[in-house]
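Sharing a structure here in structure tokens format.
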Amino acid sequence: MTAVSAVKAALRTQAIETPSWAYGNSGTRFKVFAQPGVPRTPQEKLDDAARVHAHTGVAPTVALHIPWDKVEGADGYAELAKYAQERGLKLGAINSNVFQDDDYKLGSVTNPDPAVRRKALDHLLECVDIMDATGSRDLKLWFSDGTNYPGQDDIRARQDRLAEALAAVYERLGEGQRMLLEYKFFEPAFYATDVPDWGTAYAHCLKLGEKAQVVVDTGHHAPGTNIEFIVALLLREGKLGAFDFNSRFYADDDLMVGAADPFQLFRIMYEVVRGGGFTPDVAFMLDQCHNIEAKIPAIIRSVMNVQEATAKALLVDGEALAAAQSSGDVLAANAVLMDAYNTDVRPLLAEVREEMGIDPDPMAAYARSGWAEKIIDERVGGTQAGWGA
Amino acid sequence: MTAVSAVKAALRTQAIETPSWAYGNSGTRFKVFAQPGVPRTPQEKLDDAARVHAHTGVAPTVALHIPWDKVEGADGYAELAKYAQERGLKLGAINSNVFQDDDYKLGSVTNPDPAVRRKALDHLLECVDIMDATGSRDLKLWFSDGTNYPGQDDIRARQDRLAEALAAVYERLGEGQRMLLEYKFFEPAFYATDVPDWGTAYAHCLKLGEKAQVVVDTGHHAPGTNIEFIVALLLREGKLGAFDFNSRFYADDDLMVGAADPFQLFRIMYEVVRGGGFTPDVAFMLDQCHNIEAKIPAIIRSVMNVQEATAKALLVDGEALAAAQSSGDVLAANAVLMDAYNTDVRPLLAEVREEMGIDPDPMAAYARSGWAEKIIDERVGGTQAGWGA
Amino acid sequence: MTAVSAVKAALRTQAIETPSWAYGNSGTRFKVFAQPGVPRTPQEKLDDAARVHAHTGVAPTVALHIPWDKVEGADGYAELAKYAQERGLKLGAINSNVFQDDDYKLGSVTNPDPAVRRKALDHLLECVDIMDATGSRDLKLWFSDGTNYPGQDDIRARQDRLAEALAAVYERLGEGQRMLLEYKFFEPAFYATDVPDWGTAYAHCLKLGEKAQVVVDTGHHAPGTNIEFIVALLLREGKLGAFDFNSRFYADDDLMVGAADPFQLFRIMYEVVRGGGFTPDVAFMLDQCHNIEAKIPAIIRSVMNVQEATAKALLVDGEALAAAQSSGDVLAANAVLMDAYNTDVRPLLAEVREEMGIDPDPMAAYARSGWAEKIIDERVGGTQAGWGA
Amino acid sequence: MTAVSAVKAALRTQAIETPSWAYGNSGTRFKVFAQPGVPRTPQEKLDDAARVHAHTGVAPTVALHIPWDKVEGADGYAELAKYAQERGLKLGAINSNVFQDDDYKLGSVTNPDPAVRRKALDHLLECVDIMDATGSRDLKLWFSDGTNYPGQDDIRARQDRLAEALAAVYERLGEGQRMLLEYKFFEPAFYATDVPDWGTAYAHCLKLGEKAQVVVDTGHHAPGTNIEFIVALLLREGKLGAFDFNSRFYADDDLMVGAADPFQLFRIMYEVVRGGGFTPDVAFMLDQCHNIEAKIPAIIRSVMNVQEATAKALLVDGEALAAAQSSGDVLAANAVLMDAYNTDVRPLLAEVREEMGIDPDPMAAYARSGWAEKIIDERVGGTQAGWGA
């Protein structure tokens, strides 16, 4: 009883950040299929995000991406923050973009050309300015930098350039601000990616200091990689800053989190809980593409998938597990974990939602709300938001 | 001596088809970096292809992609064929495109909606009409069809729909025309691709008949797949119709062929030679993206890479190999293969080129030709060709 | 209600074959950790298998492996069959072994040496003799044949030799007997495996005829392979003969089925059910190694995992799924599948067991039975069964 | 000219350590194929290693593995060192073995049982004692520790235990002694390996201090991993201690180095040279299994493969490369690297050998030497050395 109450209490406090760009169009290199009703402005993205939060109760912040969410005017970002607040939201992490300018063809902060590096660094510093304006805590850095061909550039020199840029940005961070460094196995670089794995991100963050933390994007690993191991390790090192959640069968597929391997998501959440990572110091963010499915309900479903994995992780009987582990009973220990995983936590989460005063069935509630129809009707003309590739 | 003469003779007859789209812009889902001088029309693509053929002597045909290379008018394609001929080229395979219309979001010939399937089929049949006009032998079919989420659609029903469409197209093929079916492990479908492996393509082609053949795209396999094994098998079954050459470190990276794993390319070419596939019945095509490197020289380099791998494959001492193999001498047999691979065949190819009356160093000759500067100067304005995603 | 009754009825008829060798010792190339109480004879393996069947009710047959389960005497196998019958079991598939004789270093039926090929073929034919004696329906063929180094042997010649051997065995099959051909991505061959994928197995089985069927071992695929797609395809082609169940995170890990990716197992079982494969024509076999966990309970757990996946697959609301699929509602279709997967089917299976007159909790019942202690006490001395590597 | 002289001089100084165990029998979990003439004692292994050094001139040291090379007596190891010296060899790294005792079923230094951990630690400390006796500089630590099933043990607690053991061993190291920590993606652990990647090894070594360095085994990575990137990074961090060379197509295949992907080996050696790693501080060791090929010539061939890759790496025109890289000329930079790779360096190495006073063709010289026949004749009876799994 008490255990379940504690689980429910924890679930009520969960916060999952949704990314502004997931509300816009996305696709593959072959085709972006536009969807009707997609937002044209950062404000409309916030409107959609507010629906996700209204129906789930656990998605109170929205990550911005600069320049996709660039607003003009001296007080532009402050006004955007206010716009969010009026809808029950807060602005979350600021995501930089140093991969979509023609100058970045051979890299941004690791480019062999110092002028390009300076330009990229300026953008990163501008992002910290925006953080000051939005009150965001986290600067999320993902670099597409890398090379496509052996010999194209000097692997080590690129590390030196990277280190230099990171140090300059770190220096600029204010009180309470953090730098989150994301790694990615490959794509768009196809030979050597400059931050390809957690080890590289960790090595850089370690040198920078406490405000530099590693981001684990669940789609950014080599085939077969044990992600929960990395989670456990980074928590042990005090270097896990955030998650970018999504799921994959092959590469960086960016499918809905929990859709491809729900058991893996559960194992990750178990290590988070076990390692003390279920705190505001570890940001839980979505980073997904809804290329063919309706975007808002896909995001609601994704939030629910994280909740279900979290609920199961919280339900693991820690004492029984520790006893089985220390006695070397492989099957018993595995069974304790599987017991939690095999539990149908949907009724529990329905209760949590009712206790939070929201509909126990977010998907149905959203469908009934008429929002989907409303935005299709109203958002006519203009340019739909998208990745802008 | 005689052996080397035979190798040279074979190399002089080699024909490598270049794809019209490789001359245009391409990129990843994150960014297409436009390059100056890129063609605006199918004719300009042919102009560029003519340079590749002029400098290599072994790239006499150009694959078209419909609608990217669509031309208007009753005699449009005949005129395009004439345009090619005047530049020493012929039009090659016709590549269909049933992945870039909004209707194809959930598939083309395997779409659950019969109206969409009909539309896709109509396009495929139109491609055969174009073959009639261009005199092309081969219709190359690649389907992006598949699903992103478990349950999204019925895997088996999609196979039934695929079989139906293929049969209709096969029926339409004329004398001397072939259907080449390409498989791909994943992308843009991220859960189940409808033609994901050679087995699926083979099973369909087998039922269709002799005119249906499998295409091996060297970038379309699961990690670790032994591609030369598939080549040997398809040749044994009489079902290898063509190659789409490119190279990869990770997924379908579409790098220059031979750039990522030249030893693999050699092994593939060895199986081609050994299995009797070095004939016009097996088409050697490039299918690559030159996202960050200059396109024409990248294509020249790619052609040269295929030539070098072919030369090495032809140099394998078949008798010594067979003797070592049949005696079970693992190291000796491996050494025979490696001897050929470790040979520097660039001098041999330089001789072949001189005997063909072209410059022994195609890269340098192209650089000196001024073509790169000329097209940058002249191709100003208009819309650069690209994938049109 | 009726639906649930049908599900239960189906579950009661399920039959999962356990392999005799899973009761013996196994390990990796680094170490075989012997376990106390492991059987010393085929009879003792049957004793253990009888416990698995007693506690699960759905494991009525046991696969044999020759020569690991070789028995002497004119009536040896008939007596073994009788021994099984007295314990409520039947003998199942006969598994050949042409990988553990020194002569097979460079292959068995594909060896360059005709004398070795003949020896291997003789063994395979002997296995059919044993099938006659045991009354087994299925001959399961797995070939470790392949090469470690490029050039080591001729890929195509090995296919010819393989085809020849398979034809000779096929010819020998009696009425009601089948040949099941297993494929494996790699190991112990590390360059080219002679039957590496379903396509190769399918191509051979197709030429042989109806009695030749493909075995899907769930651990024998390249990383990322969509196994349920292969299942759907083989069922469509009438060529799925059996499963070898186990699970993996990396390669052919041979962990307990359902342990690594229970969602994948569910998707596979869904395609089995949807494709009409839930019949005796498709044999459900375990093929696992319990290197570090207690063997009998691990096998019980594995059987239960297959049951749970099957139950969930049977619970999928086919009508709702078809409706969502044909309307192109990606999220709704996925949700129908996930609803079944997220259901906790353990209570349902407990009921099924009670209806079958067995303990609803097989693991607890086995633990209480004292069998584990008994075999540790009694099976002292002699040579424990193992793979014999 | 001078450049080539420098390359030759460098090649003459190269030192490649061969592992004692490669001279003994090895295999897969399916079968160890014994070979005639295989050593029965550490001394006979040294005899074989002396032949490799005699024919290559660059294999002067031999790694030992404890207990496989355990010798008895107070001065056992000193005598073994003398035995080596008399044959022109020195004893190299000491490799510990904490994976083949029944106690290590659930791990060695990370085992949940403190008694097992203590036993494992004692072995590691004993290995340092042996180093004192042999005069070895390096202690190479590979841990098979890990888990097969989710939940089996606590990932983080195992890291704590690992750190504790490493610290105790580090403490024990004498002047001039080093600890080399090896990582491995998987096998024999199939769920979570305790040191699965370079990041984990690096994090531990960093905390331990300067004497702790990372070992890169070229077969121990996830599919697609860019190994030369890791090499460049570790050199930049001053943490690359050694290589375990071998090659692979799939997993830890342990084939002859350079056999599977000679271009990768070249890229690795290029990063070694470029990053200043071509010094005695980075140990170049082989760690391979010659399961089906003759062992001594396979080791000679492997040494030659490393030499050829090194020669090509040394031949890269650094100035031309830097110029192309800094100008952003992708194709030119790639071409500089490929020019070196495509060079046939076998004549150069033949010259190097002649300058060193040895036969220019080591394989032929060994074949002529009669050693293979001699050991087959003489090494009769006794127990052949092997992994002892």
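We call the chains A, B, C and D, going by the order they appear; numbering starts again at 1 in every chain.
Here is the rule we use: a contact is a pair of C-beta atoms (placed from the backbone, for glycine too) under 8 Å apart; a residue touches a chain by one contact, two chains touch by 3 or more.
None of these values were measured; they are calculated from a predicted model.
Common neighbours of chain C and chain D (chains touching each): A, B. Chain pairs B-C and A-B differ in how many C-beta pairs they share in contact, with the greater number at B-C. One finds 40 Å separating the Cα centroids of chain B and chain C. Distance between chain centres (mean CA atoms), chain A to chain B: 38 Å.
For chain A, residues that reach two or more other chains under the stated contact definition are 106, 148-150, 185-186, 191, 223-224, 226, 249-250, 259, 263, 292-293, 330-331, 334-335. Contact residues on chain B toward chain D in their complex (touch as defined above): 223-224, 226, 249-250, 259, 261-264, 292-294, 297-298, 301, 308, 330-331, 334-335, 341-344, 346, 363. On the chain D side of its complex with chain A, the touching residues are 106, 112-113, 148-156, 159-160, 185-186, 191-193, 196-200, 202-203, 206, 221-226, 228-230, 232-233, 235-237, 263, 267, 271, 274-275, 321-322, 324-328, 330-331, 333-338.
Within the complex formed with chain D, the residues of chain C that make contact are 26-34, 99-100, 102, 104-106, 144, 148-150, 185-188, 190-191, 223, 248-251, 253, 255-256, 259-260, 291-293, 387, 389.
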